[in-house]
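Look for subunit A in each of the two complexes below; its partner is subunit B in the first and subunit C in the second.
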Partner chain A sequence: MMQSLRRLCGVLPLGVFWLLPFAVGVVAVGLAGFDGMAWVALFLHPQFWPALALSIVTGSLSLVISTLLAFWIVAGLHGSTRLADFMGSFLSLPHLAFAIGFGFLIMPSGVFARIIGLLAGWSETPQWVTTQDPYGISLTAALVLKEVPFIVWLIAALLARTDIGEMLAKQFRVGQSLGHGGASIWLRIFIPQILPRLKWPLIVVWVYGASVVDMALAIGPTQPPTLAVIIWSDLNNVDQAINARGSVGALFLTAALGVIATLFQFVTSVSSIATRRFLVAGPSLSRAPRKPAFALLALFAAIYALVLGVLLIMSVGSQWPYPNLMPAQIRWAAWSQLVDSPAPLLTSLTFICCCVATALSLSVIWFETFTDRLDRYLLGLAVAALAIPSLLIADGQYLAFLQLGLNGTWFGVFLSTLTPVFAYVFIVMRGPYRAFDPRYRSVSLGLNASAFRFWAAVKLPLMKPVLAAAAAVGVGVSIAQYVPVQLVASGRLATLTTEAVTLSSGGNRPLLAVFSLMLAFVPLAAFLIAARLGK
Partner chain B sequence: MSLRFENVGIALGAKPLIRPFMLSIKAGEVVTLMGPSGCGKSSLLAYVAGDLEAPLRGVGRVVLNGVDLADLRPEQRQVGRLFQDDLLFPHMTVGENLMFGVKRGQPRLEMMQTALARAELEGLEDRSPQTLSGGQRVRVSLMRTLLAKPAAMLLDEPFNKLDKDLRATMRAYVFDHLLTRNIPCLMVTHDQDDAPNNGRIFRVAADGEVRHV
Partner chain C sequence: MTISKRSLMKAGLAAAWLPLFTRQGFAGDWTTIEAEARGQTVYFNAWAGSETINAYIAWVGQQVKARYAITLEHVKVSDTTEVVRRVRDEVKVGTAKGSADLVWINGENFRAMKADRLLFGPFASDLPNFKYVDVEGKPTTLFDFAESTEGLESPWGMAQLTFFGDGTKISDPPKSMEGLVAFAAANAGRVSYPAPPDFHGTTFVKQALLETIDDQGLLQMSAIKDIFVGESGPMFALLDRLHPHLWREGKQFPQSQAQVKQMLADGELLMALTFNPNEPANLVASGELPATTIAWQHADGTIGNTHFVAIPINSQAAAAAQVVANFLLSPEAQGRKADLKTWGDPTVLAMDKLSGDEAKFFSGGDVAGSVADPAPAIPEPHGSWVPLIEAAWLERYGA
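Then we have the complex of A and B:
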C-alpha cells in the first residue's frame, strides 16, 4: 500500500507536467493528419518539393560535416587536452544567437566583407549573397559551427567515462603494438565503437538541423525556404485550412525523416561488408594529424569570439558606414531600450526559473521513487521528445491546448517549454545521479539518520554538481525555445527568443544584437555558475 | 634476435622506481621480472612499448635487434604485448581480430586460418569474441599478437585473471609458441609460478634494484 502510494506520488507530477502534455500533443497532431484536403493542399504547394529537399540536405549535410570535423578534432588532439571541459562555453551559446551573430559576420556589409573591403580598397558593399543564400549554405555553415562543439563534447564525454574510456585506452595500446598508427586506430577501432553509442544524440542533431525554424528564419534561404519555415508560416496563418496544411506538413516532415533514418540504417547494414574489409586491410602507420586539429579548434574559438564581438559592436553602433571596422559613434540606445522595457527578458527569466526548477524536481522525484530498471522507459520517451521535430510536438500541443483553453496562457507556454527542457535535464542527470554509491545510504541509515535526512544532508550536497550541471543545460534549452513559445502563446507573450526572431527579419539591428547578447549571456552565466558549484 | 636493456630504469618524477639495470634477452627466451604491484614493472613494459605517460619517465636504451627503440614510434617498434585482459576488439569477429595486425600484402585469410587451427579454434572465425570462453580468448589474443610478426614480446601478468587449471595450460601454450618462433620475451608478474621452468627470474627489490634470483 505504502509502496504503491509512493509510486503514484512519484509518477503523478511527471504525468501532469510532462507525460500528458507530450502525449496529448502527439495525439492531437496525429488526429490532424486525418484531413485529406490538407494533404492535397500540401502536395500542391508550389515550393513543397524544393523546400523538402532543402530541409533534408541542410540537415544531413550539416550532420555529416560536423561529425567528420568533430572526430577530426578529437582524434587529432587525443590525449593532449581535456576537450570536454571547455566545450561547455561553446555549447551554452543558443543556436539563434549564434546564427544572428554569424549573419552579421558574413552578410555583404558584415565584418568579413569590411576586412576584405579595407584590404582590397572596396568603396561599396560587395554583391555577394551570403546570408539567406538560395542553397542554404549559410544555414548549413551555422549549423556545422554550432553542432561540432556538441559532438566533440559527446565524444569527449564518452572517452572520459571510466568504463568505456579505459577500455578504449587499452585498446589503443593494443592497436599500436599490432603496428597501427593513431589515424588507423581511430578509424578502425575507436569510431566503429563510438558511433553506435552516439546514434540517438546524432539523430537528435540531424532532426534539429532538418526542422529548425528560428535559425532558418534568421539566415536560411527564402525562395524557397526550408520546409520547416513553410510549415511554420502555415501554422501562423489566420486561415484554419492553411493551419491544417501546416500540421500535415509537420507530420510529413517527421515521417520523411523517419523513413530516411530507417533507410540509412538499412544501407549501412548492407554496406557493412565493405567496412568490414576496411577493418582488416592491414596496419597503417599514419598518425591522426595534430596540427590541423588544433588549427580547426582555434578557428572555431575565433569564430565564436568574433560572433560575440560583432554582436557587442552592433549593439552600440547604429551608424556604421561601410567599410569601417568600427561604428562612427557609440550609442547605448538599444541597451537603454532593454532597461526601459525589460518584459521579454523578465518573461524569459521567469520561464527559465520555472521550467528548470520543475524539470529538476521531476527528475529527482523520479530517481528517488523508482529503481533504475524503469529508467529506460522514461529515457526512451525523453529521447523521443527530442528526436521528434519540436515543430510537430508544439503544433500538437497548440491544437490540444485550443480545446483546453490553454493557448495564450502562461501555463500553456510553460508546459510546452517544459517538454524539451525536462527531456534534456533528465538525460543529463540520469547517469551521474544513478552512479551515486548506495552504500552511503546504508551507512547513513545505520547512523540513525531518517531516509529524508540522508537525502537532504548527504545525498543532495553530494549531488550538487550534478544538479548544477543539469540546471545549466536546462537554462540553455529553455531560453532557446522559439516554436512552442510563439505557437502556444499565440503572440501574447514575448521572450528574448521570439523578439530576436521578429527583429531578425529587418529593422532595429542594435536591439537585435542586444537581445542576442542576452540570449548568449544568460546560459553562459548559468554554465559558469554550475562549473563553479561543481568544484 | 635479441632484446637488450642498457641502463634502463623507471622514475616517478624525481623518485626512482626501478634503478638502471643491464639485461639481454635471447631469441626464444622468456625472462621473468617480479615485484610487488606499484614497483614500476608495468611502467617498464610501457617504456619499452613507447607509451609511458608522465609523470612516469624512463631512462636508458632499449635495443631490439640492434635498433634503438627510442627512435621509433610505438606502432613502428614491432613489440607485441599481452595484457591481463585479452582486449579483443568487441566490434570485430574472431577472424577479424586475428587479421587486424597482419601486414599489408600478406595472405591474411590463410594466415588467419592457420592461426585458428593452431589455437584449436577451427570454424570460429565468424564468432564474436564475447561468445568465447576465457581460455579461447587468451589463445585468440596471443595468436593475434603473433600474426603481427612481433620482434619481441612483452607479457603483463597475462595469466592473472585465469583460474588455476586454465593457467597452467595457457602458460605452457604461450611459452611454447614464443620458443618455436624465437621471439625474445619479457614477462612481468607478481607470481613466481607464472615463470617458465628453468627460465631466468629477476626481482625488483624494495630499493628499486633489479636482482637475479
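Then we have the complex of A and C:
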C-alpha cells in the first residue's frame, strides 16, 4: 500500500508536467494528419522534393562528417583526461548563436572576405556563395562545427565510465601485444564497440540536423530552403489550409527520418559480413593521428574564438561596411538597450530556472521512488522526446494547448520547454545517479537515520556534481528552445532565442550580436559553475 | 447542403440585427471609452524589425500611460501572419481572452481578418482624431489593397515603394523596371530583391506587373486566375531577363528587406528597396548609411499604400485599444512619427486640416537621403492577386 502510494507520488508530477504534455502533443499532431487535402497540398508544393532532399542531405552529411572528425580527435588524443571538460565549454554555445557568428565570418562581406580582400586588394566584396548557399554547405558546416564537440564529449564520457574505460584499456594492451598500432585498435576494436552504444545520441544529432529551424533560418539555403523551414513558414501562415499542410509536413519529415533510420539499420546489419573482413585484417602498425587531431582541435578552438570575437565587435560597431576591418565607431547602444529593456533576458532566465529546477526534481523523485528496472521505459520516452523532431512535438502541443487555452501563457511555454529539458536532464543523470553506492544507505539506515535524512544529509551532497552537470545541460537546452517557445508563446513572451531569430533576418545587427553573446554567456556560466561544483 | 428560402430569410433578419450588437460596445461617447480604458493593458502586436520603430512605439507607451493610464505592451512580431493565425485559432476554439488587442496590419492580413470576421468594429471613423485624416488626397486610407476598410482599421502611416543606394556608386539611378534590367546587366551580381512571400519582395513583383500589364485597371478588381495567367506573361518575361544579372544569378534571394538593406550597408549590393520613402534619409541620420545616399522612385509612379492598426474581435481591452489608435492619429504622434530623427514614416493626416499649432509638430525640409523627384503613388492591386503572384513566382523561381 505504502509502496504503491509512494510510486503514485513519484509518477504523478512526472505525468502532469512531462508525460501528458508530450503525449497530447504527439496525439494532437497525429490527429492533424487525417487531412487528405493537406497531404495533397504538401506533395504539390513546388519546393517539396528538393527541400526534403536538402534536409536529409544536410542532416546526414553533418552527422557523418562530425562523427568521423570526433573519432579522429578522440583517437588521436586518447589518454588526455581534460578533453571532455575542454569540449564541454564548446558545447555550451547554442547552435543559433554559433550559426549567427559563423555567418558573420564566412559571408561575402564577412571577416574572412575582408582579410583576404585586404591582402588581394579587392575594392568590392567577392561574389562568394557562402551563407545561405543553395546546397546547404554553410548550414552543414555550421552543424559539423557544433556537433563535433558534442560527439567528442559523448565518447569521452563513455570512455570515462570505469567499467568501459578499464575494459578498453585491457583490450588496448591485447591489441598492442598482437602488433596493432593505435589507429588499428581504434578502427578494429574500439569504434565497433563504441558506435552501437552511441546509436541513440547520434540519431538525436541526425534528426536535429535534418529538422532544425532556427539555424536554417539564420544560415541555411533559401530557394528552396530545407523542408523544416517550409514547414515552419506553413505553420505560421494566415491560411488555415496551409497550417494543416505544415502539420502533415512535420509528420512526413518525421516518418521519412524514421524510415531512413530503419533502412540504415538494416543495411548495416547486412553489410556486417563485409565489414568483418576489415575487422579481422591486420595487424597494422599505423598510430592514431595525434598531431593532426591536435591541429583539428586547435582549428575548432580558433573558429569558436573567432565567432565570439566577431560577435563582440559586431555588438559595438554601428557602421561597418566592407572592406573595413574594424567598425568606424564604437557604440554601446545595443548593450544599453539590453539593460534598458531586459525582458527577453529575464524571460529566458525565468524559464531556465523553472525548467531546470523542475527537471531535476522530477528526475530525483523518479530515481528515489522507482527502482532502476523501470528506468528503461522512461529512458525510451526521453530518447523519443529528443529523436522526434521538436517541430512535430511543438506543433502538436500548440494544437492541443489551443483547446486548453494554454497558448500565450507562461505555463504553456514552460511545459513545452520542459519536454526536451527533462529528457536531457534525465538521460544525463541516470547513469551516475544510479551508480550511487548502496552501502551508504545501509550504513545510514543502520545509524537510525530516516530515509529522507539519509537523502538530504548524505546522498544529496555526494550527488552535487551529478546534479550540477545535469543542471548545466538543462540550462543549455532550455535557453536554446526556439520552435516550442515561438509557437506556444503566441508572441506574448519573447526570449533571447526568439528575439535573435527575429533579428537575424535583418535589422539591428549590434543588438543581434548582443543577444547571441548572451545566448552564449548564460550556458557557459552554468557550465563553469557546474565544473566548479564538480571538483 | 441545400439552403431553403426560409433559412435564408432567417439569416437575413439576423444579419440586420448584427450592426446593433457589434456597435454596442462603443456606441457610447468618447469620454465613456476613455474612462473604461483607464487601467487596461493593450497588447500591441507590431512588426519589430526596426529599432527606430520599436523606440517610437515605446514613446507611445509612455504617452498613453501618462495621459490615459493605459499600459502598452509591444508584442514584437516578425511576421503579422502569425498574429492573424493566432487570433483565428483563438476565436475558433472560443477563447474570449484574446492575446492581441491592437495589430499593425494591412493588405492580405487585413483581408483575411476581415473575411473571417476577426475584427472589432467599425470603430475607425468614430475616433475623434479621424477628422484630420486626408481621405481625399490619400484614398488608400479607406481602401487597403483595393479592399474597403469599412472602419475596421484605423490608418497609421503611408508607404510608397522607393529605391536607394550610394550616390557615389550610382550616377544615373534606374527609373523604371526596364531601366533596372539594364542597370543590373551593367552591375552583375550587385542587385537583388527579397524573395516573395516576403512583403517587399511581393511588392517588387507587383511593381513589375504594374509596369508590364496592358490595363492597370484589371488589378483593382478581384483576381481571376485565367486573367492572371494571360496578363502576367510580359512580367515574367521581364523577370526572366532580369534574374540572370541578379545577386547569385537570381537563383537565391535575400529573405527580407532588412537583409537587402544590410547587404547594401555592408557593400554587397548596390541598391536596396523600401516601402518607407523616408527610410533612406532616416538611415543616413542614424549613421547606418553614408551621407551620399540617394533615393528614387520610378518615373511613372510606384506602388503606394497605407498601413493601419486594427483591433481583434476577441480583444480584452477594446476600449484602451481605441484610445491608443486615436492617440496614434493625433497631430503630435503623427508629427513625431514623420520626424526623420525618430522614425520618418509619412503621415496619413492632411496638412490643411491642421491648425497652426497642430502643424508645428511637423518639421519638413530636404535632408540627405530624401527622394529627389517624388513620383505618383499607384494604388495597390486588389489583395486577391497576391496569392496568385506568390504561387506563380514560387513555381517559376523557387526551385
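Basically, the second predicted complex is superposed on the first by the 533 of 535 C-alpha atoms of A that agree within 3 Å, B and C clash if a C-alpha of one lies under 4 Å from a C-alpha of the other, contacts with A are read in each partner's own complex, and residues count from 1 in each chain.
Here is the rule we use: a contact is a pair of C-beta atoms (placed from the backbone, for glycine too) under 8 Å apart; a residue touches a chain by one contact, two chains touch by 3 or more.
Since the model is a prediction, treat every value here as computed from it, not as a measurement.
In the superposition on chain A, A:192 makes contact with subunit B only, not with subunit C.
Of the two partner chains placed by superposition, A:431 touches none, neither subunit B nor subunit C.
In the superposed model, A:380 lies in contact with neither subunit B nor subunit C.
In the superposition on chain A, A:534 makes contact with neither subunit B nor subunit C.
Touch criterion not met for A:342: it reaches neither subunit B nor subunit C.
Note on subunit A: of its two partners subunit C and subunit B, the one contacting more of its residues is C. In the superposition on chain A, contact is made by A:127 with subunit C only, not with subunit B.
When the two structures are aligned on the shared chain, A:108 is found in touch with subunit C, with no touch to subunit B. Those residues of subunit C lying in contact with subunit A across their complex are 43, 45, 48-51, 58, 75-79, 81-86, 88-90, 92-93, 95, 97, 99-100, 108-109, 112, 189, 195, 247-248, 251-263, 265-268, 287-288, 394-395, 397-399.
On the subunit A side of its complex with subunit B, the touching residues are 170-171, 173-181, 188-189, 192-193, 276, 279-283, 285, 287. By the touch criterion stated above, subunit B contacts subunit A in their complex at residues 49-51, 73-81, 83, 85, 87, 89-92, 96, 99-106, 108, 144-145, 148, 150.
Contacts from subunit A toward subunit C in the complex involve residues 46-47, 50-51, 107-109, 124-125, 127, 129, 132-134, 217, 221-224, 236-240, 243, 318-323, 329, 337, 341, 402-403, 405, 407-408, 490-492, 494, 499, 501-503, 505-509, 511.
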